[in-house]
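Here the chain labels run A, B, C and D in written order, and each chain numbers its own residues starting at 1.
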Amino acid sequence: MNLQPAKPLDTIVWLNTDNPISLDALRGKVVLLEAFQMLCPACVSHSLPQAMRARQLFSEDDVAVIGLHTVFEHHGAQGTREALDAFLHEYRITFPVGIDRPSENGGPPATMTAYGMQGTPTTILIDRNGYLRKQKFGRDDDMLLGSEIMALLRERQAPQSQQNDKAGNDGCTDQGCPLPTT
Amino acid sequence: MNLQPAKPLDTIVWLNTDNPISLDALRGKVVLLEAFQMLCPACVSHSLPQAMRARQLFSEDDVAVIGLHTVFEHHGAQGTREALDAFLHEYRITFPVGIDRPSENGGPPATMTAYGMQGTPTTILIDRNGYLRKQKFGRDDDMLLGSEIMALLRERQAPQSQQNDKAGNDGCTDQGCPLPTT
Amino acid sequence: MNLQPAKPLDTIVWLNTDNPISLDALRGKVVLLEAFQMLCPACVSHSLPQAMRARQLFSEDDVAVIGLHTVFEHHGAQGTREALDAFLHEYRITFPVGIDRPSENGGPPATMTAYGMQGTPTTILIDRNGYLRKQKFGRDDDMLLGSEIMALLRERQAPQSQQNDKAGNDGCTDQGCPLPTT
Amino acid sequence: MNLQPAKPLDTIVWLNTDNPISLDALRGKVVLLEAFQMLCPACVSHSLPQAMRARQLFSEDDVAVIGLHTVFEHHGAQGTREALDAFLHEYRITFPVGIDRPSENGGPPATMTAYGMQGTPTTILIDRNGYLRKQKFGRDDDMLLGSEIMALLRERQAPQSQQNDKAGNDGCTDQGCPLPTT
């Protein structure tokens, strides 16, 4: 299988960090990228707490945990920096979070579109060499995620495969918020 | 002990209902009033799901379940009708929710102030005669709440006592979001 | 509706109490009777903890909480007093528990048969006058059970009797079962 | 760090397997060994379900999951093969479980003593070459355990052997234990 380099993060602002984050600057670390929306129930109850557990379990020298706010609905309610700031504060999310660049035509934001994400939450793993190694829409299992991060940590190079999961329907469910089908 | 009549709800708009709600119009029913903020974690994970369970357990003829959005912080993020609308939609909250009238001086909103609430969530029970019978800040127990609602349902009149709970500190905790101390 | 008197408890021994329990002696109280088996997973994870919550919520003057060990399978594994004793100790069950009288022909035990129970857990409520008011097989909801107990409490005044509970010991904790220190 | 070879399992019988298990025969696989007692609440609610999740996540070709019943108290209640058999059946534990050899002087059983375990649950990891790599008393975290198993899996290639699991039966469900239909 051909591995693909993870596409750049196209964001308008970063919170919880003094400096903007770029994937290039994270080369050498395993990256856990959690795409979410603050009004996505499965993100709030499951994926963000899971990402915080990963932040606490792994060293920052080895694993970068970053969030990406991929607002594709309810822009007025959750689309502002102020709303996200308040959310991160109240939910005690301490890792850096970027706001995905809004589309000009009302579609999903830029990074979400570039990655072809199906909705939120989407959990992404990028290896030490910057290759996309996992992209999963919906709730993910702690034991599985822990094992996958460790598998990437134990690689130096020569990554092997890409994993692709699908899911989808309209309206947020217990599993997440899918993009509307068109 | 002297029972106090529950103070009127001073709201600017009602969602999930065609008509504004007044406590006077609910006389004869037991009222479960859940005061919350959409960015209060304990409200989202505990109290609103609990209120929905109450809605499903008791008949609408006997028990009115209503929400009150008492925004006292992060006004820009959670203070608009649009934000609350999106939240209620994604979290599947179907009972009527009123937006508490914002203070003009930046303090807590009108109904929250009138009731002397200490923060969110605050769970309130009002008896068939319009008297305030419970006001508790923080997470509440399902079995206790179920028993209290039934106790009020079995009354016709002659209520007896008022319950008062206290809690408090700054910043939202697992138990709720207290009002700032001044 | 014709109410039926709750049938007597036909037990061979009582644990967690100095004196055998009879329903007649509990007249005047609401009785929550939890029929269980120590190797029934839903009893262990749900119904016994729920009964303990009821024990803590309601006064012993008003509500008697009692267990009934209705062994209908795995008699060798869970049919002895010693096995039940160890179980009650490790799971911190402090209310009185009777062992249902074993059948002589290998069928379900005596009280289980008399009540026509379908299995374990079975949650039973008996009113202050000794009438059977609820009998449910399977998991039960906390809010519902709390409301039902209160409904029976509010039905009629009744005389009072005394129940004796014990609690507390060292041994297994939520974290595990440590070896005894020597 | 000096690694120590994992000591042999000294058991009197194996359940859920046609053939006794020896660590020597598992050389080449990572071994997750879960020491438990059937009357240990944290084993029942946490560690055994966790071990089952590991069984489902990892291939049997790579990871052997085995239980060890290390009875050090309540011997009469949980010390028999019959009791353990009933327990494994009702809790749907399908991986092989050995019964640790009882002490002749009333102390902890043989393997538990050889390993110096502090109680139950104790979670043990053994690498592909038979070395003891983790021994933890108490509840363990899913993400951590997943990462540790993967770290051992990535250490070295090794030959493969076959493990045999059984699953499935009727009887108790998540809702309770129904009487057999006749």
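Please note the rule applied: a contact is a pair of C-beta atoms (placed from the backbone, for glycine too) under 8 Å apart; a residue touches a chain by one contact, two chains touch by 3 or more.
It should be emphasised that the depicted structure is a prediction, and the values quoted were computed from it without experimental measurement.
Under the touch definition stated at the top, subunit A and subunit B share no contacting partner at all. At the far end from subunit D, in terms of centres built from Cα atoms, lies B. Mean C-alpha position of subunit A lies 49 Å from that of subunit C. Distance from the subunit B centre to the subunit C centre is 36 Å, each centre being the mean of its Cα atoms.
The multi-chain contact residues of subunit C, meaning those touching 2 or more other chains, do not exist; every residue touches at most one other chain.
Taken together, the subunit C residues at the contact with subunit B in this complex read 50, 53-54, 57-58, 141-151, 153-154.
Taken together, the subunit B residues at the contact with subunit A in this complex read 39-41, 44-45, 73-74, 76-78, 80, 82-87, 89-91, 172, 177.
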